[in-house]
Amino acid sequence: MMSLVSYLIISLILFIVGLVVMIARKNIIAILLGIELILNAAALNFVAYSRYVTNNLDGHVFSLFIIVIAAAESAIGLAIVIRFFQIKETIHVDEATQLRN
Amino acid sequence: MEYTVGNIAPIFLSPVIAFVINAFFGRKLPRQGDWLATLSIFISFIFSARIFGDFVFGTFATDFFIHKTFTWFDLSHGANIWKVDMGIYIDNMAAIMLLMVSGVAFLIHLFSTWYMDHDEKHGRFFVFLPLFTSAMLGLVLSDNLFSLFIFWEIMGFCSYSLIGIYNKKEAAGDASLKAFMTTRVGDVFLLLGMVAIWMVIGSVAYVDIYAAIAEGKFAGQTVIGISLATFAGLCIFLGGMGKSAQFPLHVWLPDAMMGPTPGSALIHAATMVAAGVYLSLRMYPLMVLGDLTWFIAVIGAITAFGAATIALVQTDIKAVLAFSTISQLGYMMIGVGVGSYNAAFMHLITHAIFKACLFLSAGSVIHSVHEQEMPKLGGLRKYLPYTHFAMMCCTLAIAGIPFFSGFVSKDRILGDALYFGFIAGQNPLLAIVPILGFAGAGLTAFYMFRMMFLTFYGENRMGHHDSHGDEHAHGDHHHGHDIHHEHLDARSNVPLLILSVFTLGVWFAGSLTGQGIVKVFGEKTEWFKILVEAPKVERFVKHPREAFGSTDSRVKAELPKAKYDHQSGYAGPNPDDHKIHSAHVVGAWMSIVIAFLGVFIAFLMYIKKSIKPLASMFPGYTETLKNKYYFDNLYVDVIIKKGLLGLNRFLSWFDMGIFDRFAVDGWAAVNRVLFKASKWFDNVVVDAIGVDGTGVAVNLFNLVLRIVQSGKIQFYFIMLIVVLASYIWTVNI
Amino acid sequence: MFVQLLFALSALLTVGCAIAVAVTKNIMHSCIFLLGSLLGIAGLYATLGADFVAVTQIMVYVGGVVILMLFAVMLTGGKDFVSRAQNLLGLAPAMGNKWTYAIGLLVGLVVLLTNVKLIMNISKAYPAKVFGNDFPSTVNQIGHLLIKEHVLAFELSSVLLLGALVGAAIIARPRKQG
Amino acid sequence: MNQTLVSYLSQYEFYDVLLAVFGKNEGLLAFTIYLLAALAIVGLCATIGGLGTYAERKISADLQQRMGPNRVGPYGLLQFLADGVKMMTKEDIMPFTADKFLFYLAPMLALIGVFATLAVLPWSSGFMMADLNVGVFYLIAISSLVGVSVFLGGYASNSKWSMLGGMRGASQIISYEIPVTISILAITLLSGGMSFGTILSHQQGTPVNWFIFHNPFAFVAFFVYAIGALAETNRAPFDLPEAESELVSGYHTEYTGMRFGFFALAEYIEVFVVCGVGAALFLGGGNLPFNLDIDIIPLQFAQVVIFMTKALLLYYVVIWVRWTLPRLRVDQLMSICWKYLTPIAIVNLMGCAIWLVVFNGKSMADLIFGSH
């Protein structure tokens, strides 16, 4: 049951779900949720390959960096969301059109 | 005999720490931190004294040195060595220099705590003074030109700050700027010289330079047609000229007395001006290789004589001292030039001591009577007995009276100069060096005693200027009867007395007069002559380097001892030795005669008043001297106003007259024709076809792009994914 | 047995919660399901012997990111916004409608097909490996890797975190009116 | 080093007997042992939590010169059972506008977070459910679930009091996690590992070997940890999230019956857990003050007793502090965390590192009494 492919399939499902969330949702926070899912799918792949293929811990280190970057990204992203909400009173992504035209 | 970072670094670091503390917290400390600065210099003095003791009192050989390095940064890549080392280099010369600098600086600090008391710039003064001292100590400790240059520039900055410390006076600000800019001229050349050396040997450490000279790496290298050794040596010497106020670049030093007198003492006596001579001594092998010694000797002679003549007519007590400093620095340069390495360095040390004492004494006089114009002083002997004693000792020393240190060192220089000029078979024109040297010595004796007589002897003239006395801030202090009698005080005149003790010649020479004629304490007191000698460059080839942190692994018992043998007699294998000895004997008698002659004339003129001052006989020349040979005017009126402004005017004329009229206007005419053509082209081709056509094209293209460039982030995701997927499907991994 | 059990449960939690994230209409519930999914991923890490990564995952996401998102949801009201702007498919509510889901699923299908192609190759290239139940400690080795081989990335990530901290504080700071 | 409870027990003979009973099925036996141990520990902790409420009431009464509960059982000891029965039989009220899913979930999360920490709590050198390599780190990480639960409890109730309490609670918990974590990091530095087994094995012997006495920085770190832990468990004087006088009861205002009981139980157990962790990290945990070089089951129980004693003493201090000190204001709370505790904790961490380098890893006791 446990093999590289099973982890890859879980990661693929996570990735697709994250993609669907990112594309289908118009709520900026929900898009960030999708991004988290996609990042975690990638990190899971790294760790799985690290165990089943490369036999060293570089994959672990990579996924640690992914976690760090995800944390930084969500902090900045949510700060932008809050600022955006203060200005536009909405967090609908289609409302972010100030630079259009 | 452990030499580690721990017992060398405090010499340099303790004044730096005092500087940092005073700079940031000085105002909160009691007495604005002056005790801290003084204490820090005392710590340096203690550590320097230890090194001095080891080096001088029979522990090490003549040619022993400590050289410890660490890598500052290493950018080497493969075969390209690009590495800069820093380190410490202490030989006998540096050890003596360290003791002199820290000792004199300590006494000056001590004196300053009295002199600057209740001064509004008290705290600021004691910020820069330790930094200045630390920079000089660091310069002496440096093992390469690069760190020497760093400390050199720190000193330049500190002298700038100290000269201009009374920043509300415009003259002080101007003087500080002048000092800064003038020395900068020399510094640029010094940097150039360093670059030239780096080009050849890839290092600027002294030992590497010596080794390169010994290995002949400079041979055949040329820069702009002249030998590279000459070029580098000349550039470095020009740097030294700027710092040591030699002939064309001497103009900053007289103005430097705008600062407080103890600061002047530190600048003029112990530290900054000595740096140039010290550098020339360090680079002596390079000067010899570059055949520059005659040039150095001539510059030194001109400076020594010229400055002495200017000093004849100065009325400000500090100005006399300032010009005498320039003159004495000239003697040191003569010493370097004529190959009397040891005497030049001895003169540096002796001069540092007696000139520091002279400046401090002048400071004592000024602080006591608030007057520095000599014609308004006089008869201060009975008010300021200790100051008078100290100043008299130093004046005797500088005048070259036997038994005093100035006689010993200056006479050796002059003796070598005599040999150099007349006997060595050089170009006969170089006889100018000893002639100017001896003439300058006579003038030195004269003007120094003139200063003494005007200041301390005769009747008191303090009462004669009541009419304009109120101009001074301390109006009630300068009446003659208000001068308080001087008392022995640890801070005000004990430093002077300590310094005046060391104006005796026996400390430096083995005999009373330094000629080996009357030997006092045996051969061992001729330490100076034995220990200090020009570096033997062959010794430095392939000399191993010691890591900075390592302790000295050599056992004391195995170190070669300095031999106090009979080197002082001029009876070596050199056939010229006999001639040198004769020259020295002749020189000694000549300088004694000349010195006494100078003193005697001064006595007749200013005490007996049997000879009228010569000024009235040569009014034109006196005027020239008063204006310092018009050097300031030369620089300002001729070089800057005529030269630079003239160039400026020429350029502006060229710009407005030639360039503007022909090039610009002509070009405009050409353009007018082109304009007609291009207007037609623009209207027909560009506008109709290009612009409107492009607009239409863009509009069409836009229809497509507008759909893609929707600004919707999700649409971009979709595009991204589709492109990636199609890539993966096509490449068929 | 434990590992298989843990794998099954974690996989179930991960996938189930992830799908719940996608289908829930309430953003708050989405956040909580995300939390579940991330915990599940931590469990998967544990089955892979990556104890340090697993705990870091819990630490950062549960202790930090999810709470941050909950805060953000609450500060923005958590309402179901509808855009006033016209777009290609008409008005879309913030949590999506059938059109947006249709497009998303379409793209997901593309990705699925693409990746299935890749995974087929991988399953041939790397046959299944069987590991025992012994999980050597990874903490020491990760520590060595972080400060030796990957030290530059490590330091850069510290700078990145500092930048993110300061940047987030500055961006979200309420400005003075006028 | 023993990795788990099962691997510890497997060195004894009765394990083989048990294995034979289970038909050589190691997995099933391990599962059974874990199940029993988990039930025992959860039961024990639930009892401790329940007794905690009793102790709190009794001690507060003592401090205020009252009698306290004294009706149910001897000295009122069974009061907590009576309270529990009362809670279970009360009506379970759900506010009409509440978010039902989250309202159900929040108390569960609180209990899950707290019980998950029990897996690594070092009762003794042998009786640890699992001596993870990342033990302390795991404990910090998993206990942050409580912060989520507090926030969700506040949000789901859809009430202003609850909302404020939840926000305060979440921000307080994630803020105070920082000084606590950094203090624990200092101990990790001293012991060279994050597992409780490693940490405890460095503190064997007399109290001078405890990490609190290892160096002055560790001494300060203990107090930083204690203050931060108080705040992380929302205990007075940091009980802003449930401040009775301001927010009625904070995030669990709208909770009744057993859901409220879950929150209360979680809080009391968490207090016990942080006290136990403090005892294990700084005060030597269950280490006996002598080294017998033998490992038998009764000694393990002695260790459990010692560990419990230390933890319960700290527990007493926590209650004592609650009934002695007044509550802080919100701004004071945040400024204590960010302006005082965090810098102090960072300085402690660096100080410990410098100490290790300078004194070559020796503790103050080693320096005074000579290294052994």
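To keep things simple, chains are lettered A, B, C and D as they appear, and every chain counts its residues starting from 1.
Following the convention adopted for this analysis, a residue touches a chain if its C-beta (ideal position, glycine included) is under 8 Å from a C-beta of that chain, and two chains touch if they have at least 3 such contacts.
Model, not experiment: these values are computed from the prediction.
> Along the graph of touching chains, what's the shortest path length in steps from chain B to chain D?
2
> Return the chain pair with more inter-chain C-beta contacts, choosing between C-D and B-C.
The greater number of contacts lies at C-D.
> Mean of the CA atoms for each chain, then the mean for all of them together: which chain is nearest?
That would be B.
> Between chain A and chain D, what's the gap in Å when you average each chain's C-alpha atoms?
33
> Give, as an integer number of Å, the spacing between the C-alpha centres of chain D and chain C.
Once rounded, the distance between the two centres reads 29 Å.
> Suppose each chain is reduced to the average of its Cα coordinates; what separation in Å results between chain B and chain C?
68
> Hey, how far is the Cα centre of chain A from the one of chain C, in Å?
Computed value for the inter-centroid distance: 5 Å.
> Where in chain C do residues touch two or more of the other chains?
Residues 52, 56, 64, 71, 87, 100, 103, 107, 111, 138.
> Give the residues of chain D touching no fewer than two other chains, as numbers and ranges.
Not one residue of chain D touches more than one other chain, so the list is empty.
> Which residue numbers or ranges of chain B touch two or more of the other chains?
712, 714, 717-718, 721
> Under the stated touch criterion, can you name all the chain pairs that qualify?
A-B, A-C, B-C, C-D
> Within their complex, state which residues of chain D touch chain C.
Touch list, chain D to chain C: 27, 30-31, 99, 101-102, 105, 132-134, 137-138, 140-142, 144-145, 147-148, 151-152, 155, 163, 167, 170-171, 174, 177, 193-194.
> Give the list of chain B residues in touch with chain A in this complex.
711-714, 717-718, 721
> List the residues on chain C that touch chain B in their complex, please.
Touching chain B: residues 87-88, 100, 103, 107, 110-111, 113-114, 117-118, 121 of chain C.
> Along chain C, where are the residues that touch chain D in the complex?
Within the complex, chain C contacts chain D at residues 1-2, 26, 28-29, 32, 35, 51-52, 55-56, 58-59, 62-64, 66-67, 70-71, 74, 137-139.
> Which of the residues in chain C end up touching chain A in this complex?
So the residues of chain C in touch with chain A come to 3-4, 7-8, 11, 14-15, 18-19, 21-22, 27, 30-31, 34, 37-38, 41, 44-45, 47-50, 52-53, 56-57, 60-61, 64-65, 68-69, 71-73, 75-77, 81-85, 87, 92-96, 100-101, 103-105, 107-108, 111-112, 115-116, 119, 122-123, 126, 128-129, 131, 138, 141-142, 145-146, 149-150, 153, 157, 160-161, 163-165, 167-169, 171-172, 174.
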